[in-house]
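Quick notes on the structure that follows.
Chains: A, B and C, in written order; residue numbering restarts at 1 for each.
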Amino acid sequence: MSSSGFTLGRLSLSRRLQDRLATMAAAAAAVIVLTPLLAIFGYLVVKGVGSLSWSFLTHPPAPVGEAGGGVGNGIVGSGIILGIACLIGIPLGVGAGIFLAEYGRNRLGYFIRFTADVLNGVPSIVIGIAVYGVVVMRQKHFSAFAGGVALGIMMIPTVTRATEEMLLMVPQSIREAALALGIPQWRSTLSVTLRVATSGVITGVMLAFARVAGETAPLLFTAFGNQFWNTKPNQPMAALPLQIYTYAISPFDEWHRQAWAASLVLIAFIVGTVAMVRWIAGRGMLKGAA
Amino acid sequence: MLLCALSVLGIVALVVTELVTRSKLSLHEFGWKFFFSSQWDPVGGEFGALPFIYGTLVSSALALLLAVPLAIGVAVFINEMCPAGLRRTISFLVELLAAIPSVIYGLWAIFVLAPILRNHVQPFLASTMGWTGLFTGPKYGIGMLAAGVILAIMVLPIIASITREVMLAVPHPQREAVLALGATRWEMIRIGVLRNARAGIVGGVILGLGRALGETMAVTMVIGNTPQIVKSLFAPAHSMASVIANEFSEASTDLYLSAVIEIGLALFIITLIVNVIARALVWMTTGGMPVRADVQ
Amino acid sequence: MDCRPRHAEGSRVKTEIHVRDLKAYFGTLEALHGINMDIDHGGVTAIIGPSGCGKSTFVRCLNRMHETIPGATVKGNVRVGDIDIYGNGTPAVEVRRRIGMVFQKPNPFPTMSIYDNVAAGLKLNGVRNRKRLDEVVERSLKMAALWDEVKDVMKKKSGASLSGGQQQRVCIARALAVEPEVILMDEPASALDPISTSKIEELIYQLKENYTVVIVTHNMQQAARVSSYTGFFLLGDLVEFDKTEKIFTNPSDKRTEDYITGRFG
């Protein structure tokens, strides 16, 4: 007859309880976190949809006190400013990213990467101050161009990082194959490697774009905003986020309504961009920066 | 390519020089006193940044107090407890929070959050914890509390995202070691994962702090824009970023503008230090692999 | 040096392991095809076989660690002593506490001191008393033949700051501290240098006095050195299970013989 020394104790109540509580607390956290998200989107739709109309999207603001008007100039203005931002941010960002990926495994590269991180963390309003000093004060007036510069600068770190990461993911064998064929390095970088990494770079660019599309602070004293139609980049220009801000802090109910509607338009645009990014990243062979 | 890369350095150098040169006037006029004086009197030409520093620090601290437990909770839930099918949806939704522009947070905070605070939360806090002195005074809805809450919602995604990444970086054998000793799931998470990821989580929190410190639009829309230092969280206040947003264009004299820019310089330096510390901590835990920073 | 776990005076641990028709799955892939084995109490049982034969999976089924892998399942019966560890309502957490495990790659907790590493299991179980913790940590480190080397620094140095062999002995001490009756070892010395390996083998030889030890190894000489019984696994089946001496000198199955003589694996 064997008397086994092997017995199982009971898991103490306290430990079982803690396990249970931890699970509940974590689930509760998830619920609490998702509530504002749903609330924000919900309110945007409920409060904003009513004011959406073709005229809303195509007309500039009406004079105070009059009904109607819209954010047409803001939409166009944002488009122009963002266009300028892309002209600055994308080439510089991609170029820097290529440099870091191909030639950046040294101290200079490390330093540049660090600086890009620093730039990423600079509060957007501070960037606005700097661009004000460099561009607006020199030109003696606000302009869409200045706004574009500010937003373009903000795009650079994200685009740089995405480009570098994508290029680094390209298998070395492809690079070597190009070199073996006698193609000079810079050429192979541009035509071979970049092509392979393009989908990832595009997602990075789109993410940077979606981020700056919603930025208001850097535009406060660069593009400044504009009540009327303007498409000249050298003058103050309206932008959707700026208009939302102006309307939101105004004392007029009508403008509040328009603020919600304009926000709905803005968020639809941003979420649409982000969703597209995820879709491309999911489809593409190489994972995007998302 | 090299030029592009160098432009990054150039831009940062430019930002710094702009900030420094244009603050010179104010720096000379007030020296260190600037950061310890509470007098903000544009008319009289007296400028002290203390109320804004106070506002920035307190609103950010409040934001972290609220956001950190929730962010870690969500991260643990998504990584360890969530049914696999839900995982992608929930993590996508949390990241969506990061995509909402600051001005829209501000809009929602003015018209939805502030009334909720004014009508439900603030009376509750005043009646239960009013004795602390933190929840006294008129219940406007907007004020320091509102700023702290909206900031919490805004920094939560980045803290959660980094916490998730550093948790995933913990090697599997660590989890097994804890389980093999006879641990419950929570104990395994606590000892085998969270404990090992500590440094990285702290890094994520500090990164969130960096974000909160520099946040402008949502804060300026609900903090009340009143430069004062008051113990109660119900009171309106001001922050460094929001005073710049409000008064930069109004600055009528050179000294005034220089003072505002000096606040911008201070903000730049503070966020720089905070972000560098945060990056170092996160790098340490993920073994040097770059962490996604495109979550703003 | 008292190495005996706490039991009634004079009694020796009698913990047998009976495995009946054990099947293990990774999702739909059947990795173990119905294993039957009886492991006697006390002594060391070695599990040998070529890579991928299922020996690690088998041993991990003995303390219900296999099921912690997402999608992994177990069927069949494993009785340890009088208890069916897969029985309805048998808490896996408790099973794992009573059956200790040492892994192939040493995995001490890097954020804890050596002392805290060894005490980790005890603290999990609610032991707070300083004296008792000190006592058990000392005893466990002595059993792991590490006490003299670390006794002065164990509260200051981190668990991961030691050499590979020492780290593994910390892990062994950690496993011993919770006073299991059975100790499972999954290739405990394969990641170590020869000197550490021989120290670990010496340790195993001593542990056999008071514990039922099951050790997985791909090193046949090691199996021959430390174990009294050996089981040979091949492609998810237990091909042969017998006294170590017999397996290595006169195996009954040709496949065993082929493996032993190095014709494959």
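Criterion: a contact is a pair of C-beta atoms (placed from the backbone, for glycine too) under 8 Å apart; a residue touches a chain by one contact, two chains touch by 3 or more.
The model shown is predicted, which means the values in this text are computed figures rather than measured ones.
In terms of C-beta pairs in contact, the better-connected of the chain pairs B-C and A-B is A-B.
With respect to subunit C, maximal separation of chain centres occurs for A (centres as means of Cα atoms). Here the chain at the heart of the structure, going by C-alpha means, is B.
Averaging C-alpha coordinates per chain places the centre of subunit A 52 Å away from that of subunit C. Subunit C has its Cα centroid 49 Å from the Cα centroid of subunit B. Centre-to-centre spacing of subunit A and subunit B amounts to 18 Å, using the average Cα coordinate of each chain. Multi-chain contact residues of subunit C (touching two or more other chains): 93-95, 97-98, 125. The multi-chain contact residues of subunit A, meaning those touching 2 or more other chains, are 11, 15. Multi-chain contact residues, meaning those touching two or more other chains, occur in subunit B at positions 184, 187. Those residues of subunit A that touch subunit C in the shared complex are 2-12, 14-15.
Those residues of subunit C that touch subunit A in the shared complex are 5, 7, 11, 13-16, 41, 80-83, 90-91, 93-95, 97-98, 125-126, 181-182.
Those residues of subunit B lying in contact with subunit A across their complex are 1-9, 11-12, 14-15, 18-19, 21-22, 69-74, 76-78, 80-82, 90, 92-94, 96-97, 99-108, 110-112, 153, 156, 160, 184-187, 189-190, 210, 213-217, 221, 241, 244-245, 248-249, 261, 264, 267-268, 271-272, 275-276, 279, 290, 292-294, 296. Contact residues on subunit C toward subunit B in their complex (touch as defined above): 63, 65, 68, 93-98, 100-101, 103, 105, 107-111, 120-121, 124-125, 171, 174-175, 178.
Contacts from subunit A toward subunit B in the complex involve residues 11, 15-16, 18-19, 22-23, 25-30, 32-34, 36-37, 39-40, 43-44, 47, 91-96, 98-100, 102-104, 111-112, 115-127, 129-130, 132-134, 153, 156-158, 160-162, 165, 186, 204, 207-208, 210-211, 213-217, 220-221, 224, 241, 244-245, 248-249, 256, 259-260, 263, 266-267, 270-271, 274, 278, 289-290.
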